[in-house]
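These are the structures in question, set out in turn.
Here come two complexes built around subunit A, the first alongside subunit B, the second alongside subunit C.
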Partner chain A sequence: MRKQLKKFAQFTALSSLLVLSACGGNQAAGDEDGESSGGAVKADIGVISYISGPGAAYGEAITNGLKLAQEEINGKGEVEINLVIEDSAGKQDQALTAAQKLMNSENVTAIIGPTLSTEMNVVGPEADLNGVPIMGTSTTAEGIPQIGDYVFRNSLPEALAIPAALDKAIEKYDAKKVAILYGNDDVFTKSGFDTMKKAAEEKGLEILTIETFQKGQSDYNAQLTKIKGLKPDLILASALYNEGAVIMDQARKMGIDVPFVGGNGFNSPEVINIAGDAANGLIVATPWYGEKEDDKVKEFVGKFEEEYGKKPDQFAAQAYDALYIMAEALKNAGEADRDALRDALAEVKGFNGILGEFSFDEEGDVVMDPTVLVIEGGAFKEFN
Partner chain B sequence: MLIEQLINGITLGSIYAIVALGFTLVFGVLGIINMAHGEIFMFGAFIGVVVTSTFKGPLWLAFLAAITVTAAMGYLLERFALRPLRNKQGVSHLAPLISTIGVSILLENLSHHIFGPGNHPFRASFAEISFQIGSITVYLVQIVIFVISVLLMYALSFWLGKTKAGKALRATAENLETASLLGVDVKRTITMTVIIASAMGGIAGILVGMAFNSVTPQMGLSIGLKGLAIIILGGMGNVKGAMAGGLILGLAETFVVVYGDSGYKDAIAFAAIIIILLIRPQGLFGQKISA
Partner chain C sequence: MLAELINPYYLQVASFILINIILGVSIYITLSTGQLSLANAGFMGIGAYTSALLTLNFDLPIIVGILAGTLLAGVFGILIGIPTLRLQGVYLAIVTLGFGEVIRVIFVNWESMTKGAVGLSGIPHMGRELLNTLKDFGFDPKILGLQNNQFVFLAIFLILLGVTISIIAFFRRQNRSRVGRAFAAIKLDEKAAESMGINITYYKVLAFAQGALVAGFAGALFAHVLAYISPADFAYHRAVEILIFAVFGGSEVIWGPVFGALFLTVMPEVLRFISEYRYMIYGLIIIIMMAVRPQGLIDVNILNWVKLKTPKRRQKHGTSSQKSI
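Take a look at the complex of A and B:
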């Protein structure tokens, strides 16, 4: 029954796609007219995002950031972008289906997304094979842009973020002994753990213990009691914010008061919402700091809050910048052509967005300086 | 440190036990594995969060609301997912299992829709009460959880063994038709059982919310599967077995972390269950139903 339903859904999706692409075809014809009359570069950008399911908050932030950027970019009149948004539900197979749908549509010049690194590992090679430029805005695991020439990202990889946070924490607290805690059933948190372990070893820290947990677990007392007994100077936790916030809550209740150093998934205002005061002392490196004394940042935060009623997180900010980078590349390419766009993207250097100065290296990976933040008194502050 | 871990293990085990008691009650009477029990438990936790955090209500009200809502859900579960399948010609004995799986999927997605994704903190001042013995911090909630689980176990044993309703229930479990011939209101007995089991799930939900300060729409699944493992370990349909099984699993999981590798937590705990079952296939306290 379910299978039939699925088939039916696929069929409807397919047929509606046909109708859609038919409409798109007309539009494209119109576009060419528009272009020749000396107007903007018009392009469809496909978006694959995690809109339903347990991580729906990521998808919501990302699509909100994109929509805000789209509005502004189209308002300027140099480039006209149309977003075609698809849901991946955080699942590899669904992300791939969505990607194939977008790639098969002639008008989609490039794809932004998908949300998770696990999804990108499946979608990236496919996009590369089809020659569609694809840019991750939240894929921070090792090796994403290395998938191929057409794969880019503007999200700060863990390999840059974690050592930066760790460095500052060691300096400030004179840390020598650390305990590591990570989720062992998620590619993202596992990759974060590998980076943490490597960074800790390189800095000559003594690793007292390595503990694991699984997604959706609610009781971390056993692991934390063990860590408490070993008296570390720092706890390195590679966790998503949902689990991470609960871990901090239980740790503080138990009387563990040492700082936590987290990866990118831990970096969310939700940590403060969930854990309250227990979140104090979490150190993360982030490309995005909303309180920065910068006009662009202030303007973005103001507009975002007005539009969506909450403060933008890093996922919204990265998505916002990503679309601007796309627009910049489209403008330089001068036409909505996939190959021309790829070449233009690869040449983006010193782009000045809300995340700071941004460049792609020769592999399509990120070159930028992260900001290290710490939670103090219930808010993220710059860590010095 | 050892004592702290012991307390952790007993707390976890007591929670498992309360969940397993709900399973065992329904299985003992109806011979049905109620896969929706974990999700009803999750709903109980969410009702607790809504009452204490959103409406700033007192804790007793949260318990009352959770018990009421989960009991009502138990009634609806029996009325619409189980009763239509009972005593029908040609209905497979697996049909009720499948329909409860359906209910569990429905409830998980429903709570996702109503309460939203992610973790919901449980802000009750009661959960903050603790006292210090040496270097050990003991939370009152941990003690309450243990006491409630023991109380529930004794109350259930007493109810099943000594009261008229309990005897009617056991008669129903023995043979549905004979019990009804002897004047037991079978329909009512079954409905009561499912309602009581569900309300116990609701209580467990609030206790977990308070102890771990973490409530998510997905929490029902893993705890439901563990509850299932526990009733097999303790002996299907056995009240004391559910209690013992819960404590064994909770302690085993905790001590694997203490002396071994937390990555093998579930693996070793379940390997222990397999070994016990190889030695005692009927479970620790295995008979058909408890006395």
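Take a look at the complex of A and C:
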């Protein structure tokens, strides 16, 4: 008993030390941000990202993209950005406390993130109330920039991506009848489905059937058999890549050879790794195409590969562009003031980044032309 | 000076701590009759969705929504409590875990009402609503030298603090009452308790319903503090998280889950400075704890030791018998 008590006491002492040391760290940061010295606008930008947990790969890509952009921007000397990165672990409450810390303890000028649309639904209104500009780089669900005047995003929303992919597919295959398949227990795939259904109805397509599946499901034969019997011209699938790849694999084995149109979550090279040849015929719209014949894109891919040893995905690319947009707005605002930055952000038009030409509309949402890609012969190619 | 001390970040963390403490208390109540229930995440979901939907669709005041959510969760507690009376230990845990999942799946599939997996956004925020109401009466937080958002979070924190203290006080009082004694007797030996004339059905269902009521209450508060809920918030991860509060802190005395919730909510925040490694440390702490103190951090012995070290207060009737348990 006594021994245990001693351990308990030691443990308490240790943990209180940790508490103290953590508190000490908070004060020092952000003392003199907003001061422009020697012409360069200095600003602290907070980042909320999904760094630990099952979706940590997204957070890693995003923070890598941001760090690369930060290095380049600071190197140019017009704007000096200091990134304050916080983890949200993909949870709304953690994202909210991280945001509170950034806004109130670190006094950041603006926030980039959080990673998930669910997190943005919680953090967005709070940032808007506090008057802190916040920009999502990976939040694609509907209604995000509509949260408030201070909420922006540079990630291509499903509402732009899916109709673009659908248009090209209809044109090429002369499609009239479609079947829809979606995961109904995930925010991402569910909101993708809502957009798909709306787009299909607007384009006058006949929806033969709407089938659902759940996260982690491994057998899709029931849904696919029904779809096969109805003979659609196209299959619209709102799925994340891990389920989506299995669906394509099983569909091809069953003899369904019509093209698939996917949402943003389906857009991953992993589909090819998992499904192999069965992945051929998947059409997705994406803001990011790494093989594009463009000097900026080539330079970015080269630098990213050199630094992190792998090819950048769309999350890294969107984050990279986001910081450039932020820097551009800071430069135009001339000072690290939250309101001035918001106004400058709202005025960003025709920004030329690695994703192509980019503008915000009056709500802070994205205006840009996505690239439509198709998988052919085991690789993503531009779809014409 | 007051204004500088009040940082919404700390208040936000404190609010989550208090909500988690209420959840910890909810699992402690059912555990105090020896029933291991994992349905608390489900009850929390019922409370949260009921309150959110009522305030969103019918413009009811938040307090009415919270009360309705709490009561509905309590009703479900009774409904689940009665048929599962015969089950014990692991079997009860499995059934209640199943119940929680059923609730979650209903939230996912009842799209016309709950918007499915996308979740409900724009739920009235407790603090902001309060501020707006007070402003109608001509109150301005500047009188207190506070910014609007400081006032909002201070208000939430104070409300939650008051509520949490009342809940803990109530259940501490109950523990020393006839009901608490009956709970303890049932936990130790059901057959013996029955032969002593304790109505086991009544007390077990009572404990279950109380647990559900408190969890539903916490859920309703959660909805109005976060202003956004989705079915994923009430999945089995949450059930396990609540259980860990009790297992980590100890489930013998009410201070166990309270401390567990406090410590386990503060830890990820304190460890923020090591960013991506923080959940590893968090896991490590739990493992070390379980290896060193399997009964949980706080038990009767620790409480007695603390009492010995603190200046002696007047001995109350009945406290001595508690020690011998």
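By definition in this document, the second predicted complex is superposed on the first by the 344 of 384 C-alpha atoms of A that agree within 3 Å, B and C clash if a C-alpha of one lies under 4 Å from a C-alpha of the other, contacts with A are read in each partner's own complex, and residues count from 1 in each chain.
Here is the rule we go by: a residue touches a chain if its C-beta (ideal position, glycine included) is under 8 Å from a C-beta of that chain, and two chains touch if they have at least 3 such contacts.
Since we're looking at a predicted model, the values are computed, not measured.
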Superposed model, subunit A: greater residue contact from subunit B or subunit C: C
Query: Now for A:270: first (subunit B), second (subunit C), both, or neither, which partner does it touch?
result: first
Task: Answer with first, second, both or neither: which of subunit B and subunit C does A:250 touch in the superposed model?
output: first
Task: Scan A:146 for contacts with subunit B and subunit C and give back first, second, both or neither.
output: neither
Message: With both complexes superposed on chain A, which partner does A:359 reach: first (subunit B), second (subunit C), both or neither?
response: neither
- request: Could you tell me if A:56 is touching subunit B, subunit C, both of them or neither one (first, second, both, neither)?
  value: both
Message: With both complexes superposed on chain A, which partner does A:184 reach: first (subunit B), second (subunit C), both or neither?
response: both
Task: In the overlay, answer first, second, both or neither for which of subunit B and subunit C A:221 touches.
output: first
- request: Using the touch definition from the top, say if A:242 reaches subunit B (first), subunit C (second), both or neither.
  value: first
- prompt: Which positions of subunit A sit in both the subunit B and the subunit C interface?
  reply: 53, 56, 184
Task: Quick one: which bits of subunit A touch subunit B in the complex? Just the residue numbers, please.
output: 53-57, 184, 211-214, 216-223, 225-226, 228-229, 242-243, 245-246, 249-250, 253-255, 270, 273-276
- request: Spell out the part of subunit A that touches subunit C in their complex, as residue ranges.
  value: 1, 4-5, 7-8, 15, 18-19, 21-22, 25, 51-53, 56, 85-87, 89, 92-94, 96-98, 100-101, 103-105, 118, 121-122, 125, 129-130, 141, 143, 184-187, 189-191, 194
Field: Residue ranges of subunit C touching subunit A (in the complex, touch as defined)
entry: 7-9, 12-13, 16, 105, 108-109, 116-119, 121, 125, 128, 148-149, 226-228, 230-233, 263, 266, 268-273, 275-279, 292-293, 297, 301-302, 305
- prompt: What residues of subunit B sit close enough to touch subunit A in their complex?
  reply: 1, 4-5, 8-9, 11-12, 112, 117-121, 123, 130, 137, 139, 208, 211-214, 216-219, 221-222, 253-254, 257-258, 261-263, 265-266
